[in-house]
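A, B, C, D and E are the chain letters, set down in written order, and residue numbers restart from 1 in every chain.
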Amino acid sequence: SADTLKIAFIDPLSGPFGPTGQDGLNEWEYAAEQINAKGGINGNQVEVTGYDNKVNPKESLVQLQKALDNGVRYIAQGNGSSVASALIDAITKHNKRNPGEEVLFLNYAAVDPSFTNDRCNFWHFRFDADSDMKMEAITDWVKGQEDIKKVYIIGQDYSFGKAVAAAAEKNLTEKRPDIEIVGNELHPLGKVKDFTPYVQKIISSGADAMITGNWGADMVLLIKAAIDSGFDGKILTYYGGSRGAATAMGQAAVGQVMAIVEHNTNLEMSDAHAAYVDGYEAKYSESNYYYQRIDNAMHMLAMAAEKADSIDPVDVAFALEGMTYEGPTGTLTMRADNHQVLQPMFMSTFSDNVARGVDNGPFGWVADDAARIEAEDTRTETTCQMTRPSK
Amino acid sequence: METIVFSLLNGVIYGLLLFMLSSGLTLIFSMMGVLNFAHASFYMLGAYFAYTISEASSFWVALIFAPILVGLVGALVEKYGLRTVHVNGHVAELLFTFGLAYLIDEVVKIIWGRNAVDYKVPELLDFPLFELFGAQYPAYRIFTLFVALAMLAGLWFILNRTRAGLIIQAALSHPHMVGHLGHNVPRIFMTVFGVGCALAGLAGVIGGNYLVTDPAMGVQMGPIVFVVVVVGGLGSLMGAFLAAMILGLLQTFAVAIDARFADIFGWLGLDATSELGSITIASLAPMIPFLMLVLVLMIRPRGLLGDREL
Amino acid sequence: MSVPALSINNLHKSFGPAHIIRGVTLDIEPGERHAIIGPNGAGKSTLFNLISGGYHPSSGSIKLRGEEIGGMKPFKINRKGLSRSFQVSNIFSNMTVRENVRCGVLYSMGYGYGFWRNVGNLHDVQRKTAEILESVDLLDKAQLPAALLPYADQRTLEIAITIAGGADVIMLDEPTAGMSHSETERAVALIKQATEGKTLLIVEHDMGVVFNMADRISVLVYGEIIATDKPMAIRGNEKVREAYLGDEADAIEGDAA
Amino acid sequence: MTQAMLSVKDLNAYYGKSHVLRGVNMEIMPGEVIALLGRNGVGRSTTAKAIMGEVEPKGEITFKGQPISGLESYQIARLGLGYVPESRDIFPAMTVRQNLILGIKDMRHPGKHTVDQMLDMFPNLRARADNLAGVLSGGEKQMLTMCRTLMGDPELIIIDEPTEGLAPKIVHQIGDVIAEIAKTGVSILLVEQKLSIALRIADRVYVMGHGEIVYSGTPEEFKTRDDVRAEWLEV
Amino acid sequence: MSNIATDTMISLSPSGSQKFMQRTVPLIIFAVILAVIPVFGPSRTMYSLLNAMGVNIVFAMSYNMLLGRAGLLSFGHAVYFGLGGYAAVHAMGAIEAASYGDGGFWAGYPVFFLPFIGFAGGALAGAVIGWPSCRRAGTPFAMISLGVAELISAAGFMFGSIFGGEEGISGDRMNGPEMFGLSLGPINEVYWFIAFWTFIGVLGIYAFTRTPLGKMSEATRDNPERAEFVGYDPQKVRYLVFIFAGGFAGLAGGMSAVNYEIFTPEALSLAPSGMVLLMAYIGGIRYFAGPILGAILLTYMQSMMSDYSEAWLLYLGLLFIVIVMFAPGGLAGIFGGLFRGLRGDNPAASLRQWAVQITGIVLMMISLVTLIEMSVNWSNNYGEVFEPFGMHLPHDGVLTWAVIFIPFVAGVGILRKALKNKEGQA
């Protein structure tokens, strides 16, 4: 009998992070709409509902209860590892305390590596690369760049910033021992107004590339200050492609700023996929197609449900383990050992010569073949020791 | 040597930027005693107005009209809002502006959208003015410097060459009496608040393209402007200026210091690998203003050059 | 000889260059009612502030029952049994009359900063409050918010708070200022009764009150005491007439008599 | 007949529900000094406040022939009406000099008095000219308030209880000063309790009782009216 | 003499029955409400909202010990909430470790009593930070609190070993000895825990207002100078009150730690400090029950209103401004006025007046909500249109602007007239 597969999207929908969350919700809804048009998941219609958590862990738990009351069995979330962590804990406890009402957590953007390592959990699946894997990808790309000799690492002073710095240091010394790390700097989160002094330090250090995990204003202000002061090396970012950044960075950043992503809209695309992307951008004119992982997640969910012939989260979770999916950018694998997806990554470059722009402006992101990092190359060792429920 | 020159130059420029941001608040706070929490929101309005105007005509038109528009908004806010709560005292006024900040932020999102807008530095000023030890100095940054100095001069005139300050201060203790002496108190209040907001708007015109114009810019700048005004001292323009410079310099110099706590307090047995020991001075630089704020209020509550306590 | 209740010795106070109190020496005996008069700006209120801890003396000593109190914080001095009223009413205007008086009572009864007792159960405090209110004739207004009291009653409340702590040295700064004749008379009677057996130091411009109430009078002019004596003698003192009472002296004294 | 400087007709005023002024009528001619006498609480201060617009007046008040009820207080002041309130209201956080400067209505057209003249008039104030007014003694504050009002060049000054809290000798001095001011052609409405000065300097007296004027006449006449004194004044 | 005094003492303080009616009965009613709620079988959502409300009630009331009672405006009260909460969550970890490990003190400590630890943590933080902050009241105090909040919340992200980094510290409440037969697993059991502590918190804060220190904190708020001349050191009064306020905030933090089983550094930051200020003020800082109302309303708005409108922050800002401007007594003041009107000499008239005013307000709200929702939909560019009650209201529709303007004009007119009538009566 046909049922509804309900996905609760728990992310910020108001406040400073509202726009980012709204983009995510749009893409989930669009993905659901597209799959429903094709008959849904295993014959069931998919329904995505947004729950505004204001990126607050406690508020997320209240929203989780709301979702549970509404009969939701799938949770999607991505903004903020603090929220993801709280949700993972809460969902684990819920599943333990309420057998038969298990809930599955589809993580589409929270990148703390611990979720798929020592804190790994059967109920959590991640469709984004974690921050260590992204660094793996960035440094793979750096490995091929002979002219990069000195690298400066700068980041926000909190767990993520520190993790990025540590991974960068470790990977660079392994892959390019000749590269000198000329600076490793942390600054408080969201407190710096003018990055010029930092940039002076970077320029004085003679760095020819800079790696940063910064996001939001910390990233944009850093990049603007760097370019204004004439820094001409590459700026390798995690979140350069995020909403609004292109407008804020402007022409000067072209060719200099790079971002590690699983997709950009100027990659070569199949007709079907191009239609999918165009359809999205036509429908949500204020928003850009960004999260390929959401489309991936929806498809993998559908495949798993069909394989298990059930939409019960426990069955779906077992089916997802080790599954492969031929996605628009190549083959994706959901690792069984830690529930982390492996997918091709791209070191995209900011460009003003693009077919599909972002932020309704002339800029966009491009990646050539050399910028492609194969899925297998992003694999990292895991310390995960998964405990699985009995089937 | 290189570091010192850099830090001096950057410190001065950052200090001037801070001064520019807080000058309007200095005016409002020292004259009316209102700690305007929405100050940074008016700064944001200035940037957005400037963006819209410069889209339609040019940056130079925006430079004149955006602050005026912000000033008008400020005057309206005073007339229809602040005035009503004035009788309930400073806390009520402060809370009013606290709520106003929420309001302006949300309205800006509705009108201009939730992304950053493309508010650019005018082409005339978009070139590196000079180069120093390999780093460029954009002309716009130097332009900023001059605008800040002009604001200082203008404010000095308002504060010292007009009696408005005296009249308002008097009205804070005995509003009726000031009326009986023949002064139109409500109009002066409205004007001062308007001018203060206009100054915030001007800072927005300049800061919006130097930094970024997006709906979060107000929240971002929020607390730092209070620090400048309070550390500088109530009623003292020079104090605010001095405080802005000191904060600017301290912060930039601190960024240049890579020493870790362990290097400094090693003799206390602090280990460089420990959490506390591995913190660098540089990483604390942005927190210096708040440390200053707390220390100054504890040790010298009237601020650096203030003529009276808060 | 008994220790003076209050003993001031060569007291000086300057504000920057302004030398306001220029060597005041004065002994007040226990149980004495002592008035201080003098021209406006002579430093009477300043002297009060010095004694009660509002200001730090520049030099000199102030002894309360032989113990030095110059420069102590007001609350410390208050706890030693010296209490003052203000020239401008200074009450807790958001509280009721009863609560105002209770604030004056609490510390003296040993409840200090207590946070483990319910004030409602402090029967001794309630009794004392009621006594004070009764003695100043404000019992029937006990539940009114202090801010709504008529002016004269506010002045009375000011006095009530001052005496509530049971201090035995009471200082009143122009307690009858702004009162009408009949109100003044009532206030004088009340002060006399409420400070029975206590040491009283009072500043007044109403010569009627001063001459009626004081055992001794000191005349303060430009920060110096030019005379301290019995009322009759002060009245006849030429210097005092010249510096303070002026030509109108006779008329005013006549009024008061 | 010359036009009255200030004319008050059937003035009523309320505090909430209590009816304080019940039809006050008075007139002040140019150059006249009028004393308004009465017991405590009969509404003399309220009359002053009603004229100055601090209490909402019901009735007709004209100043130099122009109706002023309902105007803002600063407009009334600019017409040339000065007010020294009972509460003095000096500005405590400013120096004596700044207080005086605030008395000037328009810096571009300062009046005939200068700060220096004022300080000459009261040597006590000169000594404190650059001190904060908040620390002045009670008497000094009183002097300052009067000078501040004079700085605005008023044509009529309403002075409410100027001798309150003053040393007997100064009381006399203040009387002289008021007389002095009157000689420069300024009209004065003096609200006073102390008969001695009032009768010394006034051209006419009004006696007020229960919110209305119950007697008016010259000081000489008044001195003979023991019945009025007995009924309406406490003395 | 003593005779008279004893007689009058009775006449002065309220009689026993008055005390009972005014003080005990409201508390009993409060307790009964707390106890009866589960009878209605609340959903999970309802339970988690109720739990959040309980935490916020205690938090807002502790805040009001400062703002309302002692006149101290703080922008950093969440610091004490957070530090108390962290103390509790660390203790929760210790309980877990001890019950799987070698026992010891923590093995015997029930999770149910963790709010005590929170109280101790908050009070300790208050004692340390309050010492420099409380030397001054007014604006300096407010600014110091702002500075301290910035510093501590930055430290919260920097010191991972204490604050657990961005992801905070989580715990499991189902360890250690059970109390009152509550395993604290399911949310309805947690409800009893929260209800218990909410009641204790409210009772404790109420009791505090009745102590000599509580009374003197009000006296110091109104007139610090005079307080000094009746034997009190205003700094010490403020300092002690500050410690208690910190303690009760910590208690709320402890409740929150058990309720959510996680504590993150954002709990120390400016945002929750601002939120608690809004709660207390909107509820009414001059009324004991004010913050309770504020906490209930704002918790509800925060978690539920976002389901209906993404502009809920705008509504919150508007509500706050309206309260600051027109009803400084807050919700409690409004309800109090309504109640007094009904008990006054002319309940019918005041009822009528209220009806008129409410009509005016509702009309203005219709107009404002339409304007805001229409604008939000239009500005999103997703082609969505505000469609209340089947009406189609695009930004360029005539009907839209009619729905905005007509009620607005009518509302303003009605309110003006109501205001005039009120003045006329006075």
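We adopt the following convention: a contact is a pair of C-beta atoms (placed from the backbone, for glycine too) under 8 Å apart; a residue touches a chain by one contact, two chains touch by 3 or more.
Keep in mind the model is a prediction, meaning the values are calculated, not measured.
S.K.: Which chains make contact with chain A and with chain E at once?
M.R.: Both chain A and chain E are touched by B, going by the contact rule given at the top.
S.K.: Between chain A and chain C, which partner chains are common?
M.R.: Where chain A and chain C share a partner, that partner set is E.
S.K.: Distance between chain C and chain E based on Cα centroids, please, to the nearest Å.
M.R.: 44
S.K.: At what distance in angstrom does the C-alpha mean of chain D lie from that of chain A?
M.R.: Here the centre of chain D sits 78 Å away from the centre of chain A.
S.K.: Taking each chain's centre as the mean of its CA atoms, how far is chain D from chain E in angstrom?
M.R.: 51
S.K.: Show the residues in chain C shared as contacts by 2 or more other chains, in ascending order.
M.R.: none
S.K.: Which positions in chain B touch two or more other chains at once?
M.R.: If we look for residues of chain B contacting two or more partner chains, we find 113, 283, 287.
S.K.: On chain E, where are the residues touching two or more other chains?
M.R.: Touching at least two other chains: 154, 158, 160, 311, 313, 381.
S.K.: Which pairs of chains touch each other?
M.R.: A-B, A-E, B-D, B-E, C-D, C-E
S.K.: For chain E, which residues are in contact with chain C within the complex?
M.R.: 1-2, 4-6, 8-9, 12-13, 19, 207-208, 210-216, 218-219, 222-223, 225-233, 236-237, 240, 244
S.K.: If you look only at chain B, which of its residues touch chain A in the complex?
M.R.: 2-3, 6-7, 10-11, 13-14, 17-18, 113-118, 120, 128, 131, 133-138, 141, 211-212, 214-217, 219-221, 224, 251-252, 255-256, 280, 282-287
S.K.: Can you name the residues of chain D that touch chain C in the complex?
M.R.: Against chain C, the touching part of chain D is residues 39-41, 124, 127-128, 131, 135-140, 142, 164-172, 196, 234.
S.K.: Show which residues of chain B lie in contact with chain D when the two form their complex.
M.R.: 163, 166-167, 169-170, 173-174, 176-185, 308
S.K.: Residue numbers of chain B touching chain E in their complex, please.
M.R.: 35, 81, 84-85, 88, 90-92, 94-96, 98-103, 105-107, 109-111, 113, 223, 226-227, 230, 275-276, 279, 283, 287, 290-291, 293-294, 297-298, 301, 309-310
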